[in-house]
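Down below are the structures I want you to see.
The same chain A turns up in both complexes below, where it pairs with chain B and then with chain C.
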Partner chain A sequence: MTERTIFLDPTLGWILLAAFSVLWVGLGFYWGRRNKSFEDHALAGRNIGLALGSATAAATWITSNTTMLAPQFALELGVWGMLAYSTASLGLFLFAPLAVRIRKLMPHGYTSGDFFRLRYGRVAWAIFLVFTLFYSLTWLVSMAMAGGILLEALAGIDYVWGMSVILGVCVLYTMRGGLGAVIGTDFIQTLIILIGIVIVGFAVLSQVSVGEIHAELTAHKPALLDVLFPAAIMAIFNNLLFGLGEVFHNNVWWSRAFAFRDGVGGKAFLIGGFIWLPIPVAAGFIALASGALGVAIPSSDMVAPLVIAQVLGTAGAVGIFIIVFCSLASSIDSLLAATADLVTEDIWRRLIRPGSSAEHLKGAAQWVTLGLGLLTWALCAPRIGTLATVLFFAGPLVGAMIFPIITGLYWRRANTIAAVGGMVLGAGAGLVTYFTIGWFVATTVATAVSCAWVLGACAMSKSRFEWIRLKEDA
Partner chain B sequence: MSFSAGFLEAIVWASLVWCAVSATGLGVMLVRDAKKGSIW
Partner chain C sequence: MIGAAPERGSNGGSPIKVARDKIYARATRLGLVPLAASCLMAMPAMAQDPSAPAFTEDNVPVIDAGHVGFGWTADGPVTIRLTRDNGETRAVFGGQGEKLFLSGLADGDYMLSIAPEGGAVSDTLALEVRHQSLARALWLTLVGAVVFALVLAVIVRGARHD
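This part shows the complex of A and B:
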């Protein structure tokens, strides 16, 4: 095992961890006082304004995978790796019109599961739930693991302890404050992340120029500058489609479309996309600087904290600690809230206790949040796989859901056979590709197969859906 | 064919400036929403 340098005194690491934990939990409890019903808890009263809406769209998409995996991409796939990661912002841009459409078609909706149930029926709904819950857990696990890895790399805090604290804090304030607390903290976290990335970026550039980075790469790693780097070019399409699939299907984004005030959703997702777009490059280029700075990288998934901490010493270690802690919290809380609401609405309310009161549902959502947190912890504790491997395993599943959602929202011919076939065949083909070729083409294959089936089945269909059926009352 | 130093310089600096502008813009939007009483 490689001996690792600790950049942050463990005591300082614990103090930072405690300070931010108290802040987020305190805000969650404070904002949670307003929640009286499931609608308040799950959708923040459906009244979120533009500033908070834009920030939460960006913050939720700025995961630890953005701040840690983007540098890893840059280190392994070069310039194209950063640019490929940036294409994930298209998910937010293209979801903007969908958010407007969702709010118009489903003014009383709660979850993306509601859409599948009402639009395509129970079989498609069940497949959707399996896919989305697998994806959401994968995302949660990858972020909680990243948190543990970061604390261990920077401050020598044991992986299991660090992961447990970050996850526990998010569970606490999400349970108590619901989506309102998640969105409120997202705003603060977005500002901290953006300012932190700017400070760290300029600090790295004060140590080494872009010209020096380019010269070192040309001499020692020319493939990272190659315009025709095949794996990286395939990764662009894969990331683009993965991003689209993630945003289009997941309740994290649908819950926000339902929670934003009328007229806010489209603008908020558009602005959120513009906020997110430059972050993979701003965070990723520091990995390209590792060679010019003479930083040894024992493990590529830790390149960002290693470079920053080595270049900037304790201040840099504190900076990356805060940036990644905020990145983790802003996504873990959103996923916990949205997935708990999905389970509460789609499983508890629709299948187990149809007559539950609004107050009872709020309590159920809080218990589900706790259960999800415990399950995530149990999956993270053994520390299996690298970040990229864990995350991209879900790519084919989300890619296969893109076309059933788009056609279901805009095309009256879209039907159950098209949706079910698209999801099953697309995901199957994508998973076969994942294991036989690699993650970097799996989502592309899944999306292409799903697209072909869905469009073909819709074109041949004689059925015409009545949009009014989506306006189900709560 | 390789990405030039000028291209790398342009995307790195542009991304950092863009992040700074985004943070400022979010702050301005929040103040504007607060003045209208429409934060949430």
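This part shows the complex of A and C:
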């Protein structure tokens, strides 16, 4: 085994970066020209069809984590790790019925914050805002940092320049085009990522057979095939519940549920889940093949680029550069748009300027997008490595929100005590577990504690919520 | 390596003695006396070359998930070998580089050795792999499965009545 350093000529890297930047910004400006009100900007006029809806559901969920962390999961935790990562698709599958319910209960809703405020009151709303803004900001920071680090590793582009360009491009087209531009670019990015992953999968299989991969793993990495690999089996439900918590609570997904045309949401999230499902499996397979291909891995997060460059040479380096850029852009733009809308609707409109006009709100959302971009840049520029790992603390926070959300959507007896207790106790227990046992059980424990509290509090509750209260006028 | 060893927390004595003591202690603990013997034979050669390849870690904490990353310093290409407590040895790296990630290691004691390409072993690093408790893992997996089943039940039942 020898180490192979990926190297794409920096000039070629800059040309690719410039070409895709111009494409995304141009499309953002083109699609944004019809936006007049906050509803147009934040929810694309609530008129997204099935094709765009399915593509954006899949593309937003294909982050740089899917293309980089799924192989890392497979390399560290084996076949179980690969399957554990792919269970995140259940977040999309199970959000399908929730999207139908959300659209029915809140036809004029804007954000997931609206749901917490109207369903559980201000205390639960405040806790939700703290949890979701922490999660969204750390996800945004981790994506932007990953962008700078990967562009530097792949093409020698300076970290600060690479991170600034990716972030700047996403801020520009999201500010100008709103959710419509985000969803449109997501469609193109999904196609590019899918084609790229399929080509890489076949290229790997043309160089090494499944039998050879299995034999190499059996001989040298037996734990990766072990059905009873302790860390890996613990990661299965932890990752599954982390994925459910991320999708169920975050405004990235709720804004899409509100933006999709009537009757589209359920189908779009189901199809999006099916599009997403094979990607971490294919990406993980690439990592498992690394040994049989004789690729030495200096650090687990670089396994995918190294194997792809080994198999496809310069073409592979170009391909992974484009896939990474598309994966990052499709997630950063969605997070920017959804978080800016959450801040505009839940903080600016509800707490600071209740009487804002639709046009004024659109302007506010654009400024908030710019502010979020600048804040993210300021946090990423010093390249503090530990910042990206803070995202893993979010697992217990999002896991603790699963039961307050699903019971709040379906059960009239779900109440504020259940929701507040579930979020606080679940998150607390999960964080304690995170530090005492490890990340691979923290979300499971958080969700279990939250589940027990919420189900108990609901069982003892005599109150019955009137669904009509969720139908707040825009 | 010898040049680097005192910097990594030796407790005095000549560099050769320090390195020999360290390897002997590790080998004795891991039952790898044959490997230690070959390393000790290489010591005089290493002592004359302060730029000999050396691992950057002094020791690695117990590995509980079967994977480990480590680094080394070297002026040229190196060969890194992994020897298990049953005596089985294999090369895990050959060429130029500065760090490596290994995964999928089963429970057991291992010894990593590094040598300049075609040269004698210049440093070793002991690895102890003890996977997490399977009983605890199965219990926590069961908890996860029950919680997921409850999530599913709430959604499926709710959607059916919707």
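The working rule: the second predicted complex is superposed on the first by the 462 of 474 C-alpha atoms of A that agree within 3 Å, B and C clash if a C-alpha of one lies under 4 Å from a C-alpha of the other, contacts with A are read in each partner's own complex, and residues count from 1 in each chain.
One rule holds in what follows: contacts are C-beta pairs under 8 Å (C-beta built on N, C-alpha and C of every residue); 3 or more make two chains touch, one makes a residue touch a chain.
Keep in mind it's a predicted model, so treat the numbers as computed, not measured.
After overlaying the two complexes on the shared chain, residue contacts for A:I279 are found with chain B alone; chain C is out of touch.
Of the two partner chains, chain B and chain C are each touched by A:L228. In the superposed model, A:W467 lies in contact with neither chain B nor chain C. Residue contacts after overlaying the shared chain place A:A55 against chain B, while chain C stays out of touching range. Judged by the touch definition given at the top, the superposed model places A:A448 against chain C, while chain B stays out of reach. In the superposed model, A:G180 makes contact with chain B only, not with chain C.
Of the two partner chains placed around the shared chain by superposition, chain C is the only one that A:I236 touches, whereas chain B remains out of contact.
Of the two partner chains placed by superposition, A:F435 touches none, neither chain B nor chain C.
When the two complexes are laid over each other on chain A, chain A has residues 222, 225-226, 228 in contact with both chain B and chain C. Within the complex, the chain A residues that touch chain C are 1-3, 75-78, 94, 97-98, 100-101, 104, 217, 220-226, 228-231, 233-234, 236-238, 240-241, 244, 296-300, 303, 402-403, 406-407, 409-411, 441, 444-445, 447-448, 451, 455.
Across the complex, chain B is touched by residues 44-45, 47-52, 54-55, 58, 79, 82-83, 180, 183-184, 187, 190-191, 194-195, 197-198, 201-202, 205, 210-211, 213-215, 218, 222, 225-228, 261, 271, 274-275, 277-279, 281-282, 285, 288 of chain A.
The part of chain C that touches chain A in the complex is made up of residues 64-67, 69, 90-101, 103-106, 131-134, 136-138, 140-141, 143-148, 150-152, 154-159, 161-162. Those residues of chain B that touch chain A in the shared complex are 1-5, 7-9, 11-16, 18-20, 22-23, 25-27, 29-30, 32-33, 38-40.
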